[in-house]
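Below, chain A partners chain B and then partners chain C, in two separate complexes.
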Partner chain A sequence: MFGKGLIKGLQITWKEFWAPKLTVQYPDEQHTVPERFHGRFVLDVDKCIACGLCANACPNKVISIEKQKVGKKQYMTGYKMKIQYCLFCGLCVESCNKDALHFSKDFNMNQYFYRDIPLVLVEREAPAEPLEEEEPAAKAGDKEKPKPKPKAKAEKPAEPAAQTEVAAGKASDKEGQ
Partner chain B sequence: MLENLFVGIAQWLRALLGGVGVPVEINEAIVMLVKLVAILVFILINALWLVYMERKVAAYMQARIGPNRVGPKGLLQTTADIGKLISKEIIIPKKADIAVFLISPVLIFVPTLMVFAVIPFGKNMAAIDMNIGVFYLLAIASLSTMIFWMGGWASNSKYSLIGAMRVVAQMVSYELPLVLGLLGVIMIVGSMNMSDIIAAQEHTWFIFTQPVAFLIYFAAAVAETNRCPFDLVEGESEIIAGPYTEYGGMAFAMYFLAEYANIMVICAMATIMFFGGWHAPFGLTFIPSWVWFFLKMYALIFIVMQLRWTYPRIRVDQLMGFSWKVLVPLALANIFITGIGMKIYQAMGW
Partner chain C sequence: MLRTQEYFLNFGPQHPSTHGVFQIILTLDGERIVKGEPVCGYLHRGIEKLAEARTYTQVIPYTDRMDYLAAMLQNLGYVQAVEKLMGIEVPERAEYLRVISGELSRIASHLIGIGVNALDIGAFTGFLLCFREREKIMDLLEELTGSRMTLSYARIGGVADDAPEGWLDRLKKLMDEMPGYIEEYQGLITGNEIFQARTKFIGILSPETAINYSLSGPTLRGSGVNYDLRKARPYGVYDRFDFEVPLGENGDCFDRFLCRMLEMEQSVRIIQQAVEQIKEVDGPVIGKVPKVLKPPKGEVYHEIESSKGIIGYYVVSDGSNKPYRVHVRRPSFINLGYLDEMVRGYLLADVVAILSSIDIVLGEVDC
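Let's turn to the complex of A and B:
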């Protein structure tokens, strides 16, 4: 019949009018981020041995690692990513032997100022004297509690950097809203 | 009490002015002025609301939510938009005919506002109860063609000119089926007074006795207001914004709001002519008559909006062909059959 399609069209829009809405009110509610999402990088500083494989794997030379030799070991003093050039390809994460570098689900990395864009994962002073060989001891027994002390010392300088990073993250959250 | 809310206000005002000792003539003039100002305010607020409603309807039909940030549920969105548009500079093209260019967005509201004077919004609620109400409405409403043409011509731009020419062609073509469609109803009632037409529909709405006339009227009316699927006038993909191309800020907003006011006019007209005006269906008379009027009007406005978000725009030749080859013959046939039917009923002694 002539005009049947017109009626059908109206029926469809009428049905859609009452259908549930797909809009997600972004700052208030968010889509669940997929399990393997490539978001902001997270570095497990304790696992990292500053081998530099991730920096080598990077096609864009995003990662710069600063390290000092403390005693017999390499001690990482800086881990910075020029995130504006990052492809989020994941080659660095794949290349990590020690499983120290990971993606997080945080995609909100916008910044107000250009200078805030680089992602500083580690920024700390090297300890003056080599850390005592704690690790085998730690493996041997975890009863003794004073052990983490030097470790904590070593990490202490790292804290401000971590804080700045967190602050940057928070700032970016505000940016997003 | 609600039933006579507005009539009561008018009477109260009359009594108040009479009590102060104002002469009867001035008293009546003041009451009339108040009525017209009330209609003016009503139309402008309604136009704002309809823009919001359009955006909501569009959003809901596209699985979106629509404006919901400004004010509760986004209700103040249009108000904020208008505030922004008012604050914008009025840009006048170098080669534009300045006087006509500026006066056309001011005049665009005039026919619409004049038309609303005769529309009965409820029982005894027409500002002016005119005995040729329908005729007056159609005559004044067709004036807006000229104002669109003024705007398009004065802009001195090719898009504006093409848009304005389309307005004239389209509105003149669709004026004919619009009037011929309404003629069937007027023949049955035998009067052009809107109150008489509504009174004649106390038992049966004319949508049931004149369904073809309603379809013709509605299609022609949607085309009259330049709404989709007949929105060639401002077909964005072809001629930017038609006659409004060179307008910015509030001048554009006036055209925009006038479009919604025009939708209100045609839907109010359809309510009066085919849906029993302010008569309550199913004997639900405890709801005031003006509420019924607005319910019916808004249902029709919703349909107009639904049409926009359902159908694609048609071509110019299809538009003209639809008017002259389909609607006009159909309307003439409808008039013919209505006349024969009336004669048969009269012969049967009804």
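Let's turn to the complex of A and C:
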């Protein structure tokens, strides 16, 4: 009979009409975010040895690491991500064998101004005194910096990209030798 | 037949039924199509060229961005090509996870395929129900890989990570419910007389032409050609599963649509078998792969059955850590090649039905 299919369709629609609602009223309610979610990056500064493996693994040159020589050791002064170019592929997190770089569950990375987009995970001064001073200084630095603040230092927005990249490249070269 | 003066009409690039930025320059005689010239390239990002400046591993996230609706299958084709080139063994558990995530991607992609096909013809409820189940699949994939669409889950030599705790049980549960959902779509869309009237005997594609134009996927099988790479030339562990290849009869829009619908049932079957078999397989999910991948000089072509058709990767290595050339045979692009002849003689409103029955995704067409 012509129209039988239509009636069956209407029956299904009617049944679904009474089915429990699946829509989540964001932002009042929120979905649970799974453990492996690729959200905003967090860096464990204590663990990071500024080796630059993550920067090299990145397909889009998102990560730039700045470091300075203090005494005989390298001291990381900056870890910045041009997050607008990030593919959230996870290759950087995978490549880190010090377990320092992680994804968090925070998906809220939108910014009002373009200059605020780059994610500054570390930005600190290198200590003047080498070696003995290094440990406590690093600790003090972490206290301020472990939570990655989205307000990416408005006074100095994106550094000239080329410079920082070169710095990262050089650093990793040295590491390799 | 009475003829009027021909005129041309731009269909797209900003048209909701072109599924992206795609243009067809239609020449019309009244409401009949005289000629339809597809214009693509609006979404070209130069992925093949970008791949030349990336290491072998770094290419993987870019393959996601082609057919983003079935990203795992795109990953899979590429990594299998490189594995073939380097002769890398993949652990069995990884193979199963690849099959599972690949088939999940295929179901998700087909759900969009049929849902949007229904939407283009005006059946909005069917479209929403398809998206509801797709969302559940996305959630599962998100738990597995961390991303919803651009998964980047496959790695050269395996997969990125093992399935999390309890994931396989949740997957099994969804797969057990899936046939019920598919029945709902069948009742809502397939059985709908209006949908049938709009798609039956429209855009007929004969088996010979389909083969001559080297079409593939449900577009080819809708014409009754039994050619599915998973059966014809099994790759990975596909030879261990029991499934059928659904075929169409008339090669019209309806058959292509129905092929996708039935293929989902088969994918569900494959996943159910894989979930059973993976329990017996333990071990690593990534094989022994050197840190820096330097395949020997040479070239390789590998193709797999993606959701839209046969996706082939041609990779040339010059012995360095970056591919010398990567070329992708994209099924959406090749299936689109026949569009002109497929729309000729039909009405303007049928163009929408025909285009959505090919199920293209513009990320893949333009690459």
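Assume the second predicted complex is superposed on the first by the 124 of 177 C-alpha atoms of A that agree within 3 Å, B and C clash if a C-alpha of one lies under 4 Å from a C-alpha of the other, contacts with A are read in each partner's own complex, and residues count from 1 in each chain.
What we mean here is this: a residue touches a chain if its C-beta (ideal position, glycine included) is under 8 Å from a C-beta of that chain, and two chains touch if they have at least 3 such contacts.
Since the model is a prediction, treat every value here as computed from it, not as a measurement.
When both complexes are superposed on chain A, chain B and chain C sit side by side without a clash. Once chain A of one complex is fitted onto chain A of the other, the partner contacts of A:G9 extend to both chain B and chain C.
Chain A is touched at more residues by one of its partners, and among chain B and chain C that partner is C. Contacts of A:Y112 after superposition on the shared chain: neither chain B nor chain C is touched. Judged by the touch definition given at the top, the superposed model places A:Y26 against neither chain B nor chain C. In the superposition on chain A, A:L91 contacts chain C only, with no contact to chain B. Shortest separation of chain B and chain C in the overlay equals 6 Å (C-alpha atoms, whole Å). Where the contact sets of chain A with chain B and with chain C meet, they give residues 6, 9, 12-13, 16, 22.
Of all residues in chain C, those touching chain A in their complex are 54-55, 57-62, 64, 125, 129, 132, 135, 139, 142-147, 150, 152, 160-161, 164, 184, 187-189, 191-194, 196. Residues 6, 9-10, 12-14, 16-17, 19-23, 25 of chain A are the ones touching chain B in the complex.
By the touch criterion stated above, chain A contacts chain C in their complex at residues 2-6, 8-9, 11-13, 16, 22, 34-38, 57-59, 87-91, 94, 103.
For chain B in complex with chain A, the residues that touch the partner chain are 57, 59-65, 68, 306-307, 309-311.
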